[in-house]
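Before anything else, here is the set of structures, which you'll find just below.
Two complexes come next, and they have one chain in common, subunit A, joined by subunit B in the first and subunit C in the second.
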Partner chain A sequence: MLANYIKIAWKVLLRHPFYTFITLFGISLTLTVLMVLTSFLDHLFGSHYPETSRYRSLYIQQMIQRDSARTSRNGGPMSFKFLTQYAKSLKTPERVSISTFYSTSNAYVGSRRIKLNTKFTDADFWQVTDFEFLEGKPYNEQTIAGGDHVAVITDDFKRQYFDNLEESAVGKDIEIENLHYKVIGVVKGSPVTRIFTYADVYFPYTAPKSNYQRTGFRGDYVAILLAKNKQDVPVIRTEFQDRINRIPMPAVSDGFKFDILEVPSEPYVENFIGMILDGGAGLRMLFFSLIAFILFMLLGLPAINLVNVNVSRIWERASEIGIRKAFGAPVRTLVWQFIVENVFITFIGGAIALILSFIIIKLINASGWIAYADLTINLSVFLVSVLVCLVFGLLSGVLPALRMSKLSIAEALKS
Partner chain B sequence: MISHLFKLIWNKKKAHALLIIEIWASFMVLFGLLSLIVFNIRNYSQPLGFTYENVWAIGLQSNQDTVGIPQKAQRIFQRLKAYPEVASVSRASNNFPFSSSNMNTRVDHEKRHTMVEYYIVDAHFSNTLEMPLVAGRWYRGADSVGKFKPIVINQKASEELFENENPLGKIISKDKQVIGVVGNFKGKGEFMSNQPALFEQLDENNDWNKTMLVRVKPGTDAMFEAKVVKDLSAMQAGWSVEVDHLTDSRKTQHNLTLVPVIIALIVSGFLLVNVALGLFGILNLSIARRRGEIGLRRALGATGRGISTQFIGEIWVLATFALLIGLLFAVQFPLLDVFDLQRGIYVTAMLIAVGIIYGIVTLCALFPSRQAAMIQPAVALHEE
Partner chain C sequence: MITLKNIEKVYRTTRIETLALTNINLSIAPGEFISIMGPSGCGKSTLLNLMGLLDEPSAGQVQIGGEVVTQYRDRELARLRNRKIGFIFQSFHLINDLSVIDNVEIPLLYRKGDAVGASRREMAREALEKVGLSNRMKHFPGQLSGGQKQRVAIARAIVGRPDIILADEPTGNLDSAMGNEIMNILQQLNAGGATIVMVTHDETMAKQTHRLIRLFDGALVGDSVLARTDD
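Moving on, here comes the complex of A and B:
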């Protein structure tokens, strides 16, 4: 039965190439946009290199200080001392890493200027993340305690800074802002969209200009808490929250008196959305209305268009429907048939979309629009796409099917 | 004729409802997209108010050093000025042009008040960025001894606070006196809307606000830049020295605006092509179905031109229905002042969107209607 329906659908497709083109163009275009979008969201939020353990990590990115009247508010990253005291000492996590967000700097080679981003980290950073070392090794507790001027660089920075690419960069000297560092490792770089791990040059936190000595609550540092497994994540959140709750309030730090202190430890997605929504009610409304508008635009318009084309094409099938009805086919069977046909067409469109998105993703990765971009169509992206295909097929198939099955036999046979 | 067409459409309103929804949705998409584009083009067409080529911003951070910061910053300022390659130097707050940081404050004069972009800059700022003054003069070092803090505002701020009065000599927020007015100042680049701005004299004995804006002579290269970074780092060990070219930061600011617009443009473009193809297909099918009617009209003496006018007229009436509903929605944006944009932007966007929609439906109807006009009455009626 099913095979029969599909055969009929295939014949209908071949009968009018132009209408088939319109239908498939609409479907595959919509699905391509959605697939590329899901792939991008997966790139942003999924567990990918070098944050492959993101699914069992918690991120502490900012501290918010408020006074009881809620008139003033102070927020941002924390000091190394604060995080060492309250986060590093937690019992449940497997490891805790403290590092800065990246800051920009320049290096000069002859008459060339290299823009670069630097990051100060502790030794655990290399355990919490999963960087691939192409050469050398990371710095450890001893190197940090010794205050050695060492650095781990990315392969991209190596390419820009050193002329001889064949030779290992380990043991060589780089000069940044008039200070000399010895390269002890070269890693494969991280995309800029992963701000907790992205940089071009990584320094131990005891290197100059890291400001780890700050004594107040606020500073330049953030932390990643790595749980042993996914089940431990809520436990760690409560444990950390308990510690924060035990800090006596009101407190004064960096000349700011506050009664309320919030230090959220959140999974990556929550942390990221929090960053956007932190901008106040106006930005939140803009964000949500934009998402609603884009979804409406992406799904609604092509679906309406498809429904319209399908409804107009009832008449092509009128005689077929008339005959089937005359021989006693119930409405349900006819509706079912047209839905199956539509879903089948949608899946053809989906297959085209898959190929198109594959090409587009390859182009995005190769364009250097995001350095080290690693957008992929993985299983989750693919499943989401199949699901969307189904919804789309049903959405654009139900109404035409109902209209078709409502045709009276006499009218259908007349044409 | 028109009322007849309306009647034709109205009689088949159920069949046409989906078509109307489709045109309505396309109009809303177009309206949104065009508002965005018109807003940005309008901003872009207004002058920036300063020049940025060959200007570098040197950001300084004292890190763990806490002693005698103002004196050290002053020494760096003098050192920069002494280079033969440097034309002019100015010390400023870190919300320098095209930077990602912002400072806003509310100022008032008598009963009027406004939010201004707040820049703390020294006496050389207008010189370094080549900002022409419209009235009055830029403050000088000696002005700081007076009772009021000398400030310069831009024309937009002057309009907001004083309307048509002469702003020179007026006191703002109790302690600031306007001594000069500049034209536009769009600190975040061409795509920023023209906001009120206020420049206050920088206190050189302050630990903060030590970004150095340096205008170098044309043709200066990275060699010199490397030398500057080396010299300054050597002068103040432990300080971070970071050089930003304003041309680079400007590009970053532009991308922040342009990338979303371009993505929206591509996606909406494809959506509209999709809709146009669909419309074309639907009209083609509906004309094929109405051959009998067309044949009858031709037999009764209607010209080919008359037939094609009828079909184009029908789609126009349909589009008008959809656009009226669309305009009902679109008009809420300026009325409720949703995104705080000027009303003119919405009106322009609406007009262009209406024009484009009519253009698209006409284009889609043109070919099917011409085919309809070529139908021979004998053939069509024979089929019946």
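Moving on, here comes the complex of A and C:
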């Protein structure tokens, strides 16, 4: 039965090449955009280099302080001391890393200015992440305690800063913002979209201008809590929350008196969405409206278009519908047939889209549009794509199939 | 085998009502070969559609094999059509995208249990052998003559071994030689036990059946038993 349906679907495709071209063009284009988008979302939120342990990590990105009347709000990253006291000392995590977000700096090679991003980290940063050291090694507790002026740089920065790329950069001197540092390691860079790990140059937190000794709650630091396994993640969240709840309130920090303190430790996706949702009702509405609009444009509009094409194609097959019904096909079976045919066509479009997506992703990765972009079509992207194909096929196939099912046999045979 | 009681069929649009059939009472016994004649638009095809459960009467009762089907739902009607009735149409209604054997297999696709896979193929092959087209199984309808197409349609009608065959002007699109060929096949099927109801405009063809029903303006105006010339 299924083979019969697919045979028919294939023949229908071959019957009108122009119609088929329009249909497949629409499906492939839509699915290509969705697959590239899925790949990009996977790139943003998945566990990828150098954050390969994201699936068992929690992120502490900001604290929010509020007064009891909730009229004032103060929010942002935390001080190194705060995170050391409340996060670093947690019992359950395997490791806790404290670092800043990246900030911009300048370096000069002769008269040429290199714009770069720097980050201050602790030694555990190199343990919770999975950076590939191309040369040298990371700084350790001893280096940090000694206050050594050392740096780990990325391969891209090495290319920009040093003339001789064949020679090792380890042990060489770099000058950033008039301060000299000795390169102790070269890593393969992290994409700019991974804000917890991205930078061009990494300094120990004891390096100048890190503000790690700042007192008070607020500062420039964030933390990554690495659990031993996925099951420990909720335990760590609870443990951290207990610590935060024990901070006596009201408290004063940087002259701001607050009664409510929120410091969420969240998985990466939750943390990312939390940033948007915390922006107030207006921003939240805008975010969800935008998502609804994008989904409608990407999935709804082409599906409606395909519905119209399918309806006109179904009328062409009125005689076939009449015959099948006359010889005993129940309405439900025919609806199923048209849905199967439509899903089959969608999957052909999906296969074309997969090839197109693969090419586009290669182009994006090679373009340098996102530094160190590593978009891929991995298993999860592929499975999501298959699911999208299925939903799209059902969405565009059900309505024509239902309209067809209302066709009377006698009328269908007259056509 | 088929009983129609007080059948009326009215086609309604928003503006007009057309009475297609009125007060039809008819009983067809198993093994009969009946022809229905009448001028164009008199309701012959409508009557055949009602017998074949392809359409519903506006009033009256249809019985097939003793079952009153008037209140049957889509699934039950589909099952009954599939098991008991085979159709032959003037314009063949073959699916051009399917090969001859795939076309013939169609009724078996919707039959559960006894017709699966290889046995389905075998039944379709046998039906094509009966109509002398076993050498055209892999062909497509577009590659066949009118007579061959109608023979494929007959094979499709008989593949499920139905008790009743309803033929709507089966020779209407064929020349007389081809028409006679088709008529011979129908007579053979009838001799094999099938009940056949055939709509025709051709008096010669009608005379080869056992009983002739005449319709005029939607009413049954004649029902005569014919002298059997074929035996």
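For the reader, a short list of remarks on this structure follows.
One rule holds in what follows: the second predicted complex is superposed on the first by the 414 of 415 C-alpha atoms of A that agree within 3 Å, B and C clash if a C-alpha of one lies under 4 Å from a C-alpha of the other, contacts with A are read in each partner's own complex, and residues count from 1 in each chain.
We adopt the following convention: contacts are C-beta pairs under 8 Å (C-beta built on N, C-alpha and C of every residue); 3 or more make two chains touch, one makes a residue touch a chain.
The shown structure was predicted, so the numbers you read here are calculated from the model rather than taken from an experiment.
Looking at the shared chain after the overlay, A:349 reaches neither subunit B nor subunit C.
Once the two complexes are overlaid on the shared chain, A:413 sits against subunit C while remaining clear of subunit B. Of the two partner chains, neither subunit B nor subunit C is touched by A:204.
By the touch criterion defined above, A:325 lies against subunit C but remains apart from subunit B after alignment on the C-alpha atoms of chain A. In the superposition on chain A, A:219 makes contact with neither subunit B nor subunit C.
When the two complexes are overlaid on their common chain A, residue A:312 makes contact with subunit B while staying clear of subunit C. When both complexes are overlaid on chain A, the residue A:12 reaches subunit C alone and has no touch with subunit B. A count of residues in subunit A touched by subunit B and by subunit C gives the higher number to B.
By the touch criterion defined above, A:179 reaches subunit B but does not reach subunit C. Those residues of subunit B whose C-beta lies close enough to touch subunit A in the complex are 15, 18-19, 21-22, 25-26, 29, 32, 61, 63-64, 221-223, 225-226, 229-230, 233-234, 238-244, 248, 267-268, 270-271, 273-275, 277-278, 280-282, 285-286, 289, 339.
If you check the complex, the residues on subunit C that touch subunit A are 46, 49, 52, 54-55, 74-75, 78-79, 81-83, 87, 89, 93, 95, 97-98, 102, 105-107, 109-111, 156, 160.
Against subunit C, the residues of subunit A that register as touching in their complex are 1, 4, 7-8, 11-12, 15, 319-320, 322-333, 408-410, 413. Touching subunit B in their complex are the following residues of subunit A: 18-19, 21-22, 25-26, 29, 33, 103-106, 108, 110-113, 115, 177-179, 208-209, 211, 213, 286, 293, 296-298, 300-302, 304-309, 311-313, 315.
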